[in-house]
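Would you mind keeping the following structure in view while I ask a few things?
Naming follows writing order (A, B, C and D), and every chain is counted from residue 1.
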Amino acid sequence: MLSTEIVGTPEAIAVPRGTAATRVLRMLYRDKLALCAGIFLLIVITCALFGPYLLNDIATRPNLRARNAPPFSLAHGWLAVLGADALGRPLLARIIVASQNTMAVACGAVACSALVGAVLGLVAGYSRGRGGQIIMRLADIIMSFPSLLLAVIVLYMLAPSVGNLIVVLAITRIPVYLRTTRAEVLEIRERMFVQAATVMGASRMRIVLRHILPIVIPTIVTIATLDFAFVMLAESSLSFLGIGIQPPQITWGLMVSQGRSYLANAWWLAFWPGLAIILTTLSLNLLSNWMRVVLDPVQRWRLEMRKTEA
Amino acid sequence: MSEHLIEVRDLVVRFHTAAGPVTAVDGVSWYLDRGETLAILGESGSGKSVSASAVMDLIDIPPGEIARGSVLFEGRDLLKLSREERRRIHGKRIAMIFQDPLAHLNPTYSVGWQISEMMTAHGISRAAAGQRALELLRRVGIPDPEGALGRYPHQFSGGQRQRLMIAMALAMKPDILIADEPTTALDVTVQAEVLALLKELQKETGMGLLLITHDLGVVAEVADRVVVMNAGKVVETGTARDVYHNPAHPYTRRLIGAAPGKGAMHEPVATGEPLLRIENLTKSYGAVEALKGISFDLLPGETVAVVGESGSGKSTLARTLLRLEDASGGRALWKGRDLLAMSTRDMFALRRQIQMVFQDPSQSLNPRMSVFQLISEAWAIHPDILPKARWRERVAELLTQVGLSPDHARRYPHQFSGGQRQRIAIARALALEPDLIVCDEAVSALDVSIQAQVIALLDQLRRDLGIAFLFIAHDLPVVRDFADHVVVMQGGRLVEKGTVRQIFDTPKEPYTRALLAAGLDPDPDVQASRRKTRAAPALALL
Amino acid sequence: MKQAKQLAGIAFVSMLAWSGAAMAQGKSDVTIVLGEQTDLLEPCMATRSNIGRVILQNISETLTEIDVRNNSTLKPRLATSWEQVDPTTWRFHLRQNVTFSDGSTFDAEDVKHSIERSMSSKITCETSRYFGDTKITPSVVDDHTIDIKTDPAEPVLPLLMSLLTIVPSETPVEFTRNPIGTGPYKLAEWTPGQRIVLTQRDGYWGDKPAVAKATYVFRSDSAVRAAMVKTGEADIAPAISAEDATDKSIDFSYPNSETLYIRPDDSMPPLNDKRVRKALNMAIDRQSFIGSLLPEGTEIATTVVPSTTAGVPKDLKPFPYDPEGAKKLLAEAKADGVPVDTKLELVGRTNLFPNVTEVMEATLGMLKDAGFNVDLKMHEVAEFEGIYSKPFQKGRAPQLVAAQHDNARGDPVFSMFWKYASDGRQSTLSDPHVDDLIKQATAATGDKRNQLWSELFTYLHDDVVADVQLFHMVSFARISPKLDYKPSIALNGQLQLSEIKFK
Amino acid sequence: MLRFVRQRVTASLISLVGLIVLVFFLSRLTGDPTNLFLPIDASDQMREQFRQLHGLNDPLIVQFGRYVWDLLHLDFGESIRQARPAINVVLQAFVWTFQLAVITMVLVTLAAVVCGSLAAFNAGGLFDRFVSLLSLIGAAAPDFWVAIVAITLLAVKLSWLPTSGTGTLWHWIMPIGVLFIRPFGLILQVVRGSMLSTLGSAYVKTARAKGVRTKSIIFVHTLRNALLPVITVIGDQAASLLNGAVVVETIFGFPGVGKLMIDSILQRDFNVILAAIMVTALAIFVMNILIDLGYALLDPRIRY
């Protein structure tokens, strides 16, 4: 494109001002939507880290007098401002407490699947031998293995817990990372700088870790943010089908699926946790869109241009 | 004021980039008349393409912005017309061809369809367009034109693709043809053919030809007038002869002075045991033989150039010697040991002694590593060379040695220009203190002035450090200034080898002679006289 | 282009067809939407509710029938009368002029075949489970009389015969997908997973029912089932959840014969201590559930069978809600060295009934409030069965299993052995007196039988405190206003189309 | 080409065999169907009888050998629940799922490609932002939630559509609509990204220089090239639909293979599970091969 030709001049490539961190923050500040998303996620993370220690008791103690208490009323305390559930437990408190399990499942599953998938993808992409073939067949098998069966198997044999749920969801998501990573590696390993490293005598390990991996990571991170949403929804679908996390543990997905039967007369039971899922995934999506722009030199000007005007 | 075919007046174009707005062209004016060839000469980043892009409405707005100026075509300012009005002019009245025809042809449609589309987009029926497409293919000399219509761009050679582009551009018999570096990616022999074709077609149709190029030889070969650009400004205009012989602006003088192939030729002095002896080296991909029994010697501290056109196997030779690919047969004796048969462990030690500099430094430097990391990686791989404590010091030394500043160590490759990047690549190669550096087209992607600097640097390293070079290039003038011995390759075969003087002054093989003849001299007068002598056979080639 | 137009035309017509189809439904047709797929239409499996609701007494009839609307007495169906010939033999007199839907005539041979088929080891018929280890030998007396000999004596054989469907003697001894019966309807269409259509047949021996055609469809979501009746896509939706029963004019509650109870592991400390079990009973505020988590009409239970069952004592009092008393009992037990602080496990089953999770969570809260150290574990059905039934897992925690038991048969014999005898599959109890009472009652008849059962119930509740009885549950059915039909306790296992009238 | 297809078929068959082995043994780890099929108070004798009848008493390896032997004779075994050949049960359900998946994917692809292309062409514009936001919200909403709300709104409150079931075209609208949302958002994003990078490619510049109309640049020149990465995503999404849209099928009473699968899994109807997995896996493998051939069709540079 034309702009890249222009950017090719040495004069144009002055070092941007400030450290990397302040530059990123400034770019975040430019994209108001992404900024809101970032702040929201920060709140969610805070809730996930500290919520259960502060509110666990309030969130799990039944109080049948406040059963299905409607939202926007302070009659049952400020924590019930979003209403109360079928056992009269304040929804706000439950959402905050549930954020820990929800985030644990989502983060755990995404991290595990991304890690395993990326490692396998690197191996499958870089080794030309039989190992790569075996890994790809494995991916085929996982892809056509119904995740529900896997869920039932694991949860039957190991009982439904956050850890096991992570295992189930992680396994089903591995092929996504594996295939993407492999495709990227296949392309990157043909690049000139990889050959340059070979010529210098770099070992395979070094080439994979120092030269290929850093290029693949942004793609993996982008997929991971999108997958976050997917995993949260998958978790709630499992709860809906009765094979996910079981009470008295709570996750947002479980709250939505439990509140589903009250949709007609107490909409808030399913609505608020649903909204929490939507807002979190939306925030992640917005942030990942923003990140894609930041990581793409062709598009980065969109965020930086306004800076120079300001 | 006379009416020109097209006239650009006081054009200012800005782009918004990471580092703030950049003025790409600043008050550029030029004009083109019917039947005339105007060349815009400039190096990369000079803004030479921008005004043509403005004519063709190819500037992306944003990030681009046309701040001032006008483009007059038949008395109308193109910049003030609506999108649709401009669309009707594009292709039909003003057509354009580009540097890299493979990238600029849509890979998923047949060439027949793409040529026809030029016409159907301007209201010609599909049947008539198909007919004309066939005629055009015949005219630009594509073999088997009927069959070619249904084939896809990747199935043609580089020269043929550029002919396809030309056929497409000329489909509507435009008044103006803009050619943006039309021959840069082509071999010299093909370049000559394409330029001849353009000239000939211009004569037939009387169109105005705007040629954008960085190559003085091309200017000398085809241009009537020339506009020299530097840093977004026009520094000089005039006829091609005037500008070459009486350059007024210092930049132009520098540009002309940097043109390679003028210096004294080396007289080989090195003697002794060969550092590298290649014996009957072969390499085949399935049924295709890329190397057919190559043999030559390379003495310590000596430069051997391997020249040849694309597909001659010269890059395969380099890759095979570096064990990036496995040879099919033959030997390559490094200080007496066959490196093709070495174990991985022995090879690891050998890697220190043979280094490589690649063609495109923007590709061969990992974009995510700083210059310090790039250079010091050599010592991370071979820890016995240098203790970690001395890395910083040594990086600074190396950077100074290749003409960069020690401060540059913290920067990343994308913050450098092409020439600077190639210096970094050279510094990286030097970090291992090698005996031999293989340069695979190490300077071909660089502008002439930069090219000259890098060659000078390499020459100095040879003298100071006694490093031998295997210098792979397609550009003969560069080789002439730098090499001791020359090996000419064609189609995987070694055609001729000899000292640089033997090859350039008394070539024995017809292929070597053709190669030398196809090269363009920056002097318009020289080119004019060459044109006369080869007029007949060049046409016959079409 | 022309084809495209045609396709569009076809699409349009078939879209209109839906509104047409809705109109075309006859006035005497009903659509019934069920929550559970009917995967088999095997008559000998008719005691399973998803099959029974379709075929029991509609296609396949039984010799006797429980009259749920009339104090659960037994009334004749294919048998006109029956008597005990000797302690081990019952004689049934069969109805005459009855034909099967395939045209063949009903006679004693068919009854004999039906019994033998149900008991055969070649197929796993569900009916046979009600007979336990009893050996049954039918012998044909004449075309319309049959003797059934049992070993040992079976005092409630006529009651058991209300569970055994009669098939023609030609029916092979393997699961059939085309049930033939003597009922007023025959199977007209069966598209597995989608719909089953029954149509009235000619030549039924009884009165001609009002419903001419019944279509069964399946939706697992209760809200969808309720919505379907609301929109007129269906006429009857049994077993919708209380949350979906939002319209009093069309939603009717009915006792569904299920009893919810918690079975403490009586064999394990600290639950083997009676005081602890008593404390469990006193810790739960049963009344607070009714009208909140469980619908109005839910009855507090003292026995594991519905109160209409024979022999259930009327004077059993539920334990009072007394968390302080419970704490005191626990303290007492603790003082005696009972390890009351051991972590207990409250085990629930997902999808047991709507709201089960909330009920379990509320129960958990109450137990915790009374000072129990207890955790909740919800399990999917297969795992749950593994915990509920013997053999019990080794090394398990002391468990409190919350289960539902269904006995709509009118006699406790179908429950007591399994739940309370030492060898009972779901029993953690090992009490010789209980075993003895069960054995006696099972063999007894008439008032003696009822008295023994009554004694057993009282002993279990007041003296042993074997378990924590909670509720006799109710369900809701949504019924189209065009129908004249009130659901009864029988709706849990059958849905007699002949009971449906139109307004 | 033929060689490529042969290679892919071989690879797929290897995967299929692996899948069968894995599912056979893993599914049997989830417990014995006896407890689920027989009533809770069935006698030991009945249980024994049931196990005998369904061959559950033999060692696993014997059961597996028998299964494979039958499979080689194209006998997929009987469904314990439905007392008929498992393959019939599965095929009947698969037809529904297949239709649902195909119709949904066709609609999703069309809509996502058109909207994604237009959004990319006006990147950063109002339409782009609107469509992106909509697709993001859609992708983040739990489908069972959307389904129930849709039924409450469209069927009960407005009486526009039937609540559930099959029969007429009207019945298909809501299930397809609910299934549509997530793949639409995802594919839209991919189309948009791919279009953005393709729009910047050299041949688009050529097309502009040729005076080709904008519409033609987007939908003729750019789209075909931009679709290449999209096809993979479409394939992935189609695969997950072919595996059965469990939630949607459950709620709308759609007799598809997803609902069948979850029911069979919960009831441990092993033969049906295996047959269902084989049928869907086969469909997915065939689709993947077709996708690779589709690449070759779209891009003349690719030759197998």
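Going forward, a contact is a pair of C-beta atoms (placed from the backbone, for glycine too) under 8 Å apart; a residue touches a chain by one contact, two chains touch by 3 or more.
Given the structure is predicted, the values throughout are model-derived calculations rather than measurements.
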Study note, to complete from the structure: More contacting C-beta pairs: A-C or C-D? The answer is C-D
Practice item. Mind having a look at which chain is the central one, using mean CA positions? Key: D
Point to revise | Farthest-lying chain, centroid of Cα atoms versus that of chain B | key: C
Study note, to complete from the structure: Separation of the C-alpha centres, chain A versus chain B, in whole Å, is 45
Review point. Chain C to chain D: how many Å between their CA centres?
Key: 37
Check your understanding: If you average the Cα atoms of chain B and of chain C to get two centres, how far apart are those centres in Å?
Key -> 86
Revision key, fill the gap. Residue ranges of chain B touching at least 2 other chains are 58
Check your understanding: For chain C, which residues are shared contacts with two or more other chains?
Key -> 223, 380, 382-383
Study note, to complete from the structure: Contacts with two or more other chains occur in chain D at residues 30-31, 148, 152, 250, 266
Study note, to complete from the structure: Contacting chain pairs, sorted by label, are A-B, A-C, A-D, B-D, C-D
**Study point:** Residues on chain B engaged by chain D in the complex (per definition of touch)
**Key:** 56-58, 83, 87-92, 95-96, 98, 100, 103-110, 117-118, 121-122, 152, 154, 165, 168
Study note, to complete from the structure: Listed in rising order, chain D residues that touch chain B in their complex are 201-203, 205-214, 216, 221, 224-225, 298-301
Review point. Which part of chain C faces chain D closely enough to touch in the complex?
Key: 11, 14-15, 17-18, 21, 37, 39-40, 42, 47-48, 121-124, 126, 128-129, 132-133, 174-175, 177, 191-194, 217-221, 223-224, 227-228, 230-231, 233, 380-383, 385-386, 388-389, 418, 425-426
Exercise for review: Would you pull the chain D residues touching chain C in the complex into a rising list?
Suggested key: 30-31, 35-43, 45-46, 49-50, 53, 79, 81-84, 89, 92-93, 148, 151-152, 155-156, 159, 162-171, 250-253, 255, 259-260, 263, 266, 268
Check your understanding: Given the complex with chain B, which residues does chain A contribute to the contact?
Key -> 1-3, 5-16, 191-193, 195-203, 206, 210-211, 214-215, 297, 300-301, 304-305, 308
